[in-house]
Each structure stands twice: as C-alpha cells, then as structure tokens.
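For reference, the structure is listed below as structure tokens.
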Amino acid sequence: MEDSVNLSRISTRSAVLVGALALTLTACSSDSESPTSTTPGATGGGETQSQELSGNLAGAGASSQGKAMEGWIAGFNEMAPDVILSYDPAGSGSGREQFLAGAVQFAGSDAALKEEELTAAQERCYGGEAIEVPLYISPIAVIYNLPGVAAENLQMSAETLAKIFNGDITSWNDPAIAAENEGVELPDLTIIPVNRSDESGTTENFVEYLADAGNGAWPHEVSGDWPVSGGQSGKGTQGVVDTVSAAEGTIGYADASRAGDLGTVAIKVGEEYVPFSPEAAAKVVDASPRAEGATDKRLIVELDRTTTEAGAYPLVLMSYSLACSVYEDAADVANVKALFTYMASEDGQARAADPAVAGSAPISDALRTEVMAAIDSIAVAS
Amino acid sequence: MAVSSPTTDLAPARSARHRGRLPDRVFHGLSAGAGWLILVVLAAVAIFLFLRAWPALSASAEDLNAISWMNGASIATYVGPLIFGTLLSALLALVIAVPLSLGIALFISHYAPRKLAQGLGYVIDLLAAIPSVVYGLWGALWLAPVLDPVFGWLSGTLGFIPLFEGYTAPARNVMAASVVLAVMILPIISAVAREVFLQTPRLHEEAALALGATRWEVVRMAVLPFGRSGLISASMLGLGRALGETMAVLMILSPGYAVSFFLLQPGQHQSIAANIAAKFPESSGLSVSVLIATGLALFVITLLVNLAARAIIARRAEFSGAN
Amino acid sequence: MTTPTPLARAATSAPLEPEPQTPSPLAPRGGRLPRYVPYAVGAASLVFAYLLLLVVASPGIPSVVASAAALYAVAITIVSRVVEGHRWAVDRLATTLVTFAFAVALIPLVSLLWTVGSKGAALFSAEFLTTDMVGVFGDMTSGGVAHAIVGTLAVTATAALISVPIGLLTAIYLVEYGRGRVAKGITFLVDVMTGIPSIVAGLFAFALFTLIMGPAYRSGFMGAVALAVLMTPVVIRSVEEMLRLVPNELREAAYALGVPKWLTIVKVVLRTAVAGIVTGIMLAVARVIGETAPLLITVGILTRSSWNVLEGRMATLPVFAYNQYQQGGVGVDRAWAAALTLILIVMILNLAARMISRVFAPKGAAH
C-alpha cells in the first residue's frame, strides 16, 4: 500500500470496482450477500453495466473528507465516466443542511445526524431513513515545532496535553513533560498552543479526547469550537499547520496527513506510548461500541477515548457518509450505491489511505460487511 | 467633481417637440428609473439582511445558547467585541496607510520625474485591483515572518506600555492584520489622492512658484488645501474597504472576542467580516441568522462612516481652495 | 478623470522643479547646496549607521538602511539649515520624508508582486491554463484553472450585464436630467453603495436567493448579483465623471439643430465620452473580478467547467485559490499560480481598457 497504490491501481482496481458495481446493480432485487468480496474473481460481465451509470451525483459536507473524496471521485469516474460527480467541501453543517433540503444526493459529516435532523431526513428520503456509514477514519496528530529536540516523538499523556492546551503547563521543560520523556533534553521555551479558529470536527474530536482521557485536567465542555480564548489559532487545518510552522515552541493538532516535517506526539494508551498510524487509528474504531441510536443503517460509533487496547490510537476523527435509504429516481439509487460501494471497497479505502491522498485509516473487514449491508438496502421509492 | 450638472437648464429646443416627445419621455423615464433602482437595491439589501437576521434578533436566550460559539452571549454582547475589533483593525490600518499614501500621491504628482510618475501610476492602479486572497496569502506567508522581529523588538523595548505588551510569536495579531489592511488600502487611497492633487489649479501653483516658494511651500499652500477634501474622501474609501475586508484578516489573524487594546497579543480581536467567513460554512439555521445579524451591523457601521465622511467633507469644502 | 491630467502634468511638472540658479527676491540667503551634497550626506549616514550598529548590535541590511534613513533626514536638514536657511531646510526635509514614505510604501507592494510572480511561476504553464481539476487528487501536480477561468469570466460578465446598464442610465440621469433633491439623494445613495463591504453584498445575495429559491440554492447568478451590487456604484462614478467632461457646447449645438434630448445624449454625449466610459467599466470589472468572500458563500466551488450561470456551483479563480491554499501541499503552489493568473487577467483588462479607449476616442473630441 505504501509504495504501490499509484502504480497498481489501474490494473486491479478498475476490475474490482466494476465487479462491485455489477453486484450492487443486480443486488437491488436479490437478498444475496452484500458484495464485500472485492476480489477480482467476482467481476463477471459487469463492464457494460457500469457504462449505463449516468447523470448528476452531487455531494457536500465535511472538509475533512475533501482530499479523500477527490481521490474517490477520480477513481469512481474512471469506472463510471458518464456520472457527473461533485463534492463541495463546504463544511459538515452546510453539508447536512443541503442533504436534508434535497440539494445534494449524499453528504459528508463529522458528526452523526441530530435528533431533529432524523425526522427531517425521513421526509427528505421519501419515507425512508438516512444511511450513515463511517467511511473516513483519520488519525489526528498533535504537532509541535521544536527543531532542537532530537527525539522522534515526544511522549505525552492526555492529562499533560490537556494541561498544555489549557495553559496550566507553560514551559517545554516543565517537570510533567520531562517525566514522560526521560533522556530527552527539553528546551527552556514557552509553549504556544495553537488551535483551530473555525468550528470543526477535528477540534471536537480532540477536545473530546482531552475531556474523556485527561483525568479531569480538561475543564471545558465538548464542542466543535475551541473553548480557551486568547491564544494563537488558524483557520482550517492549513491555518494551524502554518501557524505551528511559523514559530518555535508551538504545539497544535491537525489531520495527521498534514503533519509534514513537524514533530508529532506519541500519546499514552494504557502503559505505552503510541504514535499515530492508520492501523492504530482503525484499531480504536473496532474497539469502540456503537453510539446510542445506532441501527443497521446508522453505523454510528461512540469512540472509546480511554481505551487501553495495545497499539490503538484513540485520537481519531470519524467522518460519516450520509445517503438516503430511498430515492425517488432510479438513477440516483444506482449512482449512490455504486459510489458508496466503491468508497467502502478495499480499493477505495486503500486509495484514501495513500499518504499522498488523505492518509486515512482503512476500515476493517468486519465493519465493511455491515457498511455494505446498509448500502445494499438503498432502494427506489415505490 | 464639484462641477454642477451642466445641462439641466438647456431644455431641448421646441422644434424637436413633434419628433422626440415619446422617445424622450421613455429615455428620461428609463434613466430616472435606474436612479431610483439604486434606492431600491439599497433598501433591498437592508430589508433582506433584516429578514434573514430576524430569527436571531427575536430568538430567546435559550435558543441562542444552543449555538456553541455564542458561549451564552446575547446578540448585543456577541456583536459588541466584533464591532470593536472591526473598528480597531480598520482605524489602525488607516493610521498606517494615510501618511504613506499621502507620500506616494505627492511623490507621483509633484516629486517624481514625469515618465517615472506615469509608470508608477499604472503600477498603483494595478495594485488596487489585486484580489484580497492574494494579500491574505502574501500576509500569512511573507509578511508575518518579516514582522516577527519588529514586533519582538517593540514588545521588548516598549512592553511597559500596555499597547505593546506580551507579544507572542508568530505575528498573527491585530497589528499584523492592520499592516496587511494598510497595504491593501494604500493603492486605493493614493490613486484617488493622486488624481485630486494632479487637479490642483495650475495658476495657484505657478503663482506660488513665481513668488519664489520652495516646492514644499507650493505643496503646503496650493496643493494640500485644494486636495484636502479629496484626501479625506479617499481615506474614507480606504476605511470602508478596510472595515469590510474579509479574506486577508481571516488568513492572518488569530481571532478572539475581547475588547482590549493589546495590539500584539493573539486571540484578542476579530473583525465582523472575517468572523462571518470563518463561521459560515459550518453554520445552519439560527447560527446563519446570527451571522447575518452581524453582517447587518457591519452594514450600519459603513453607513455611519459614510455619513460622517460626508459631514466632514461638507464642512471642509467651505474652507478649501476648490473652485 | 484621467484623460486630461497627463497634459496638465506635462505643463506643470517642468516649472515645479525649483531651479537653484533662479534669482528671486526670496532666494536663499546663503546660496544653495551643490548637487552632490545630498548624495554625500546619504553615503555618510549609511557608513555611520553601519559603524554605529557595529558597536551597539549586529548590523543587518534592514536595520542599517532604516537608521541611515533617519540619520540622513536629520543631517540633510541641519546642513541645509546652516547653508541655505530655514525655508529650504524645511523643503529638504519634506522632500526626504515624501520620498521615504514612497519608498517604504513601495516595499510591500513590490514584494507582493514579486512573491506572486515567483511562487506562481512554479506551476504556471499553458497546461495549467487549459485543464480543469477533474480527476486530480492527492499530490498530483497536474490540473489547472481552466474551469475557474470559465467561471470567473461567466460570473463577472453576468455581473457586468446587470450593473453596466443600470450604472450607465443612472449616470446619465445624474448628469443630464437630475436636479435638486432627487439627484442629490441618489448621489448620496451611490456613495453609500460604494461603501458596502463585499461580504455584506454576498450575504445580501445569499439572503435574497435563499428566501426565494430555498436554503440550498447556489449558482453563479447569485454571485453575479453580489458582484453587481459592488460594481454598480463604481460604474456610476466613473461614467458620471466622463459625462461631465463632455463640453456643454456640444449639447447646445445639438439642441440648436433641433435634435431631441435623448438623441443628443445617445449620439453626441455618449459618443463623445465612449472611450472614457469603456475604460471606466473595464476598471470596475477589474475591481470586482478578484472578490472572494461574496463568491465563497454564494457560488461555491466545482472541479469542472460549467457555463450554466443559473444553476449549480461554479469554480472561480479567487475561491479556487483560497480553496487550494486550504488544502495545503501542492494546493499552495496551485493557489499562487491561480493568483498569478488572476493578476494577469486584471492586467490584460487594464491594457485592453487603454487600447479600447485609444481606438474609440473620437478624433477632435473634448481634448
């Protein structure tokens, strides 16, 4: 995966996806197993059917998914060139609103639908319900700018992080940090915490992690807005990365794929310190229970931030893909099904996981089975 | 500019009556209609903003509290610091930009050799049209590192003045934002001021020169009095643009919602326009209304600034040497 | 407004150079400083500033230049004061300050153009101008702004289509018909409209269309309406200036020949001013073509070309640049290249305006 995605994708993927497509198209009436088997053997004679897909397919929503979505759009268009597929990374709130208003066929959202939105979703989905599947799981990296520090990753517990970001620990050579990083020479430098200035799922997940795992060191409520005022901040991931890069002694949090040359923190899980990695991020999703209100169509997860599972990285962002279980138009059903099937397929997940694309964590096979079942239930209004 | 309408007394000759009556009326009606349309558009701006802002203005404190970034504030206490931040950044920008643009305008109009002046005039015109994203990109990636040592020095040596207290790197404070705003409005102010200075009556200048005045005395006695009202309206134009500038502030400022004069500290101020652009994407329903309500406040502020500018110019005009 | 000034400049700038040799009753009492003195003082202050900073701190180019400038201003004033007297000393100081103000202001402006030019060149190519972003993802360096150019042109043209007729007619009304309170009132409203911040114009278009078309409506037309609100007052202003420059004698001559007023306006006044009007409109277009904030909330972004202004999102250059910057990585390079493209378009518009005004200018009219 690390080195060969770009090279190998042409040969295997198109065959795989066409196969998946063919299955979804024929699966409308059948109750067969969902096409989780994405081996090339399943291809059959689907090539002609993929050509039949056409029309407009518009999505909008979370900007966190934006880069992965670009990769998926490119991949999807290779197999279904007649579908005009677009995704507007306008933000989760805007995406949900547009989806519920019927302006787009699918949406991306960093948060699950809220109570009142569920009723609106029923109306929008012609009496059906909203399908929510987690197709984008991305580790959030805690990034810092300390060129003088030799260690590969500084090690910190959630409690230390909470204290740093709350302004209780103000110097890099604070005993609390030193205790967790034995043998690392820490500079006598003021810590400059950097947060996202706009409302975002990244902030919400990070704050939730600090609140859940921080042993009470994080006194603020959890929301997508940063609660501490008077600090450095940046608009969007790029703004945070720019700000952290611009001065020594800064520490911030951002989508892991954008960490670049900056240092990243290994966070304390159980008794060990885990640096971010896609695999570690995927692990925590599997170890987490379903959230309240989850159904077989709403695969919403309550992330377990305090997990002690070895090698799991609980600081992750999950972004859901939203669609309807019922569409009025048969073309919409075919298009949405094909797209979601592709995004959930091993190939689609691998493309998003490419560090050059989005560096996300591929979903596990177990989760994929459930996702495929949910996608399969999409049908035309009777 | 102050030339009065030249033709209103020249009613068309009577002989044209039989040929031009109807088309004349239609044309008159059309152009008058376009004039009234301006009123309609302005009214529409106010009305539609108000309509969309109304849900927020009439919402209960409880509903407003549900918006996470309101932090329990009412509309008034939410808009207040934003208005302060908007005015502070725009006024700072004006303080920086006006003397410099006065220098540019005078240099081009009265100091530079003619050929150079024409070229410079063209470059300045071009800069006035550079999109604000570009200023934002430039400010965030080029200017901030340049300002960093300057701010560090300011805070270090003048830190005992609260204004310059507690600078934190990188340079993403209201001062940095104001510098970028100043650079943005420099071309606009100096382009207008230059045009006004160039229109100084030649007789005035020549008379002063004939009396043996130095160049500076010519400028002080002939050019500046004549151009004063023009310079003021140019500054107001710049202020208007600085008040409403969005992208540059959005990309440079670490925002905050305090009413404070710590110019070098991050996370203290935010402008209305940048706040709207930052919050808009993730907003829906009532929060959009709140943002539009802040937009309405911005509209009212620019209206007031405009009125103030007109009042100043009207008073000054009586004393100026124009006409 | 611009047309008459170069002529005036040509005449004024020559006598404005105060000649040291000119004998005058008010001539400086001690004679003038020789021409080389300012340069000598400048060089001396540079050296002195360098030495001074060498003692106090480590000299860098910016700090040396800055302190040398301050030293020069003080030194030249004192020298002039001693040799030439008070009035000339003040003049020297003023010249120094004006020149320095100009130089200081030039630094950011030049660095801005330089940064955009050099960083934009990294990805700027014919291919960049002719491809869109379909199928571009990850760290691919292909892709371009063809779709954003299309969108920018479509949206701006639509805005011009709305605002030019309104602006033209309003200006005609103000100059040719308006009188008394109504005209004054409209002039005031145009002033107010000039001051509308771009984000407010965007919010207005957003409020208007979402109230009528539903909350999810986005289209190029929506953005064009926002831009038209910003553009109309600029058009009115410049056209008004141009119409006022048309000499009254032309109108009187037409009336004397029995030409009805509307025909006089169309055939004589507008014909005479057409060059200036076209220039004014072009400059107004250049003013709004780079607006980002209103388009961000009304037009959105798209990866492919769309000419359909009435329905659906479009890509525009400013939003594209912002969007790409937000993506980071290659996107930042693309943002710079898009910014460069935008500046080039503005430059072309400016040049076109100048050419058109030269072509259209009626021979022997006005000037």
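Here the chain labels run A, B and C in written order, and each chain numbers its own residues starting at 1.
By definition in this document, a contact is a pair of C-beta atoms (placed from the backbone, for glycine too) under 8 Å apart; a residue touches a chain by one contact, two chains touch by 3 or more.
By chain, with names taken from UniProt: A = Phosphate-binding protein; B = Phosphate transport system permease protein; C = Phosphate transport system permease protein PstA.
All values reported here derive from a predicted model rather than from experimental measurement.
With centres defined by CA atoms alone, the chain at the far end from subunit B is A. Across A-B and B-C, it is B-C that has more C-beta pairs touching. With centres set at the average Cα position, the gap from subunit A (Phosphate-binding protein) to subunit C is 43 Å. Distance between subunit A (Phosphate-binding protein) and subunit B, defined via averaged C-alpha coordinates, is recorded as 41 Å. The distance from the centre of subunit B to the centre of subunit C, with each centre set as the mean of the Cα atoms, comes to 14 Å. Residue positions of subunit C with contacts to 2 or more other chains are 325. Multi-chain contact residues of subunit A (Phosphate-binding protein) (touching two or more other chains): 63, 90, 97. Taken residue by residue, subunit B touches two or more other chains at 141, 251, whereas all remaining positions touch fewer.
Subunit C meets subunit A (Phosphate-binding protein) in the complex at residues 134-139, 214-218, 300-304, 313, 323, 325-329, 332. Note for the complex: subunit B touches subunit C at residues 1, 3, 5-8, 10-13, 15-16, 19-21, 23-24, 26-28, 30-39, 41-42, 44-45, 48-49, 51-52, 99-104, 106-111, 113-114, 117-118, 122-138, 141-143, 183, 186-187, 190, 195, 198-199, 202, 205-206, 209, 211-219, 236-237, 240-241, 243-247, 251, 272-273, 276-277, 280, 291-292, 295, 298-299, 302-303, 305-306, 310.
Note for the complex: subunit A (Phosphate-binding protein) touches subunit B at residues 63, 90-94, 96-97, 190, 192, 197-200, 223-225, 229-235, 239, 242-243, 246-250. Residues of subunit B touching subunit A (Phosphate-binding protein) in their complex: 68-69, 140-141, 144-145, 148, 168-172, 250-251, 254-258, 265-268, 278-279, 281-285, 287. The residues of subunit A (Phosphate-binding protein) lying in touch with subunit C in their complex are 63, 66-67, 70-71, 73-74, 77-78, 84, 86, 88-90, 97-98, 101-104, 236-238, 241, 258, 354, 356-358.
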